[in-house]
């Protein structure tokens, strides 16, 4: 065991020291991500017990990966708000909704804006609506933040939760433009055709996954730019001690608002990508549970670290989807009869229960998240030592 | 806007709002107690409540009172309700304590950051809800009719049913008992001491672990009481019944000032009333919008809720 | 150190390249209709919410199909068919991936579902692309048949058939002059109520909207009692309808409670208990035949529960597909053609399944019946005339 | 010395509910001096401080900084005007490095915001470079340059105090308010702190020093203001204040007076 850890340390140490090596590894890894949705990739490798079970047989792998990537985008956006600026936001999915609905309303020929309100005559192309979606999401971030950022901590959580609920309920009302549960069908797709003339972006999730993955990479770099600047320092200072930050000349309100706006904009991108793929948008998607899931993603991965947010976003989608197929792969029974009652024990049906167990277990053993910011990990070590010492004295 | 609905129904809307508010308040107390002591939003509390609804229902079913059976006599009904209250309180209390032991205690021992607790709470909530869902086939269950529906008071269209009266009276009695318990007894002093300063309390010989378990237990017991009245009021339960009502109760706790016992009562009743009037005025589908708008506006002006936080110290 | 690194990176890069190459060379082997003509090992897909909040609604439907498949397999032990479940959790955002997965499985030549209208909007374009014939047992949104999907079939009448019929029943049979309408804002419930409203017209004395998962109906109840309505039409499902009815009764409202097929299930009777007495549920289906009798018993025996709404429809639909398999229709195209010329009455639901070009049931076959809850059972009251 | 007033506390009264925390306090701080603000525990020193830096809004009276009214202004604006402070109980940003802590202070005058940081515009680079240089200079000035990449929470206590001063200095203040900077120091540390305070004054920064330790205050300040129960009871040179009977009474009345 120690030989393995030793090797691990030597390898990681090497990558930590050598910059070209690190970049090389990242490039290879990204290339790997782009080929990931190809089923043939697994069949080619064909290592039973390792690769095949990782391929989700219960759901389309490309779709699962696409869902992962838009969730990762959301997690990255929320990480700015929760991880860096330290603002607990339980209604983050609202911005996703803003992005998705903007795209749907503007690109669908069945949008009420066209059929009933005559705002414009024909649908816009998807690409045109994306910047508008981002702008509107950003604006809604500011509009939400303006009144609510006065309250702090857990109170902010409930205010943001309320905001997401309000958006959902408004969306639910059929009489308004969003058309409620009936939703908006025939949402536009991104442009582009294959050489043979069929559109690239239609129902196949693979191109969307590649597009979303590209967006994730762009978002990571842009957010990284922010984090390593005055803005990022201001956010962390606010998270650490808001009053002290303000007394040191940080315009806290403005930067908190920026955090909200940036997070919201990233959420909006995610929503517009999703709407393009899903082809149909209705109010049922935007439940509070989803906001909570994204928050779980950020904290599971490790708040305040982009790699952690990515890992978390991936896991919260992938694990339940994988559990869907794992029963088939390993041939587990689906029901158990206890006292004349059929208990449904298939992993498919219990996948969220398993997922809950996973959340608990991870948090017990790694409370700072799976892949925390290095400093947070150090802090956690300190805190544990403090406890040990404290107990020794008491 | 339907002002006529509001005006015509005002007395009855008030009664239903207060009844619903009392149920919110009972659940809100669970959030508030835990929050007051641990600064932790116990997201799994909604599932603690849901377990209580099933506990009571199964007890009644075991005694032969299912949804399709006839209404029993008043004496039997009161016995059944009392029994339901005991069982639901025990089931909910036990669930709450188990959640504490499994999902929170290990984290506390490791001095984990507060947000980690939030995630285990969400995890515990998933586990409890999905397990119950799988066990019950995710279908809905009806409750036996227990109390008669003819009103005890009927003055010019203003009706109070026995159930509404019972809900309100029992909720008030329970909350009064809790308040006395926290203010007057040794355990209560322990709770307040830990809420104010956990470390000092520990130095003064208060067993922090026990106090925390006690707080979860108390919250669970109250949720159990709420569960029985919810059963009788809505006449049904299912595995995901806790989520929405838990959310509302949490909002009620925040409204009153989370961590403040009397705040939970005030917040619960106020939320019940606001929802009742609001849904008459704008339509039931806008209930949640109204509730949250009121909450947000209130928090703008009183950032720590109506009564502020009082179980422990004010937030740093 | 550096040497080792080069080896690692080189290895991984090679690995990735090969993988890309392999991906580019190999084509998706799983395509539509790629079967060899054998009826054995075929799969019927079932698409709908099997977990999550709406599972209680869809699980009985799935069980109906499951029952049919199980009975078929008992008779054909050497050549069995499986029911492949696609749990969408009822949400449109999970539907496309599952649909793609279903389409990619060449063994799936027929699909029952999607159960809800919302997910149908997202999944049916994908089925259409792969020409996978699908019959929905429960999605009743009228617009689904106007999208030009050739694979789309509806096993039930849509909201346009049922809403007006329910309204006519209230107007002509009950002769109610004060009607209150409530819907749950779902596409189904609101659609039903919108259609009913057109006919009820001035008889409506009030309306309210509730939401899914709502448990507390105090304000709505007080509106209903205050309006003096003698009848209430509810558009929505059992989950909210049953507690709503109970709360209405507990507040002393004595009027007639009516709902669509969303409440026409055994669970409604079991949840509402004695309060269900006299409730009217419309249904675009005919009353129980003798065959339906065994369906209910079989269902109870197998699943230890009463069949829910549309469980009978799913049972019949599954049997239609199984009949197709037995007659040698084992490709997607064959099954599609088989459905096009099909015209028989289902054993469990009593509906005559004959589809028009747009996938709707032949309107002359769609009958709407009113059922009344009596002594904890749905008793057919009468067929509602078409005008 | 040209006695130009820098900060004027004019009849400031501060009430919390029924409690009068400050009662008609008056004093003036002149450019280039070191003013000591002393008093027994609970005399209202920190409250006074908080009123000056914008944490509390005075119930009555005015506080003027360089002739401008500051009460009611945003706190970060007051910092930008040239007033910086430290805290009685250290309030660093514990997870940031020493350098980053100081950079936050240096950022007070920077104008880079999200757009220029996002796109890495020239202003961003320029301000980053300036901020970094300033931060290193200030860390050097307070004597903890060698701690530059350590996380604040891991610094020894004395260095944390110094880091707080460095962070405040990085905002380029004209007035530096130190809230009990020597709390918990041993005599040797106190002596070197005195050196630092003088050095700060000599670099052209006016210093307001709140201190409990009389000896320290006597040694470094030019003038002293004494508060007791929210009221000013004496003002003058260290020698005058030391001999003031009211001050003696106030300090003797408190058993743990140093």
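Letters A, B, C and D mark the chains in the order given here, with residues in each chain numbered from 1 onward.
Just so we're on the same page, a residue touches a chain if its C-beta (ideal position, glycine included) is under 8 Å from a C-beta of that chain, and two chains touch if they have at least 3 such contacts.
For clarity, every value in this text was computed on a predicted model and none was experimentally measured.
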In contact with subunit A and subunit D alike are the chains none
Maximum distance between Cα centroids and subunit C occurs for chain D
Per the C-alpha means, the centres of subunit A and subunit B lie apart by a whole-Å value of 32
Taking each chain's centre as the mean of its CA atoms, subunit C sits from subunit D at a distance in Å of 71
Here the gap between subunit B and subunit C, centre to centre from mean Cα coordinates and rounded to Å, is 35
Whole-Å distance, C-alpha centre of subunit B to that of subunit D, is 49
Each of the following residues of subunit C touches two or more other chains, namely 51, 185, 209, 211
Residues of subunit A that touch two or more other chains sit at 169, 172-173, 342, 349, 352
So subunit D residues touching two or more other chains come to none
Every touching pair of chains is listed here as A-B, A-C, A-D, B-C
Given the complex, residues on subunit B that touch subunit A span 35, 41, 43, 102-103, 106-107, 109-113, 115-120, 122-131, 134-135, 137, 199, 202-203, 243, 247, 250-251, 254, 258, 285-286, 288-289, 291-293, 295-296, 299-300, 303-305, 315
Subunit D residues touching subunit A in their complex are 53-55, 74-76, 79-80, 84-85, 87, 91-96, 100, 103-105, 107-110, 112-114, 117-120, 124, 127-128, 131, 151, 153-154, 167-168, 171
The subunit A residues in contact with subunit C across the complex are 14, 18, 21, 24-25, 28, 31-32, 35, 38-41, 43-45, 57-60, 62-64, 66-67, 169, 172-174, 180-183, 185, 202-205, 274, 277-282, 284-285, 324, 340-342, 348-349, 351-352
Subunit B partner, complex, touching residues on subunit C are 51, 53, 55-56, 59, 185, 206, 208-211, 213-223, 225-226, 238-239, 242-243, 246-247, 249-252, 267, 269-275, 305, 308, 376
Per the touch rule, the subunit B residues reaching subunit C in their complex are 2, 5, 8-9, 12-13, 16-17, 19-20, 66-71, 130, 133, 137-142, 144-145, 149-151, 157, 159, 161, 163, 230, 233-236, 238, 240-241, 243-245, 275-280, 283-285, 287-288
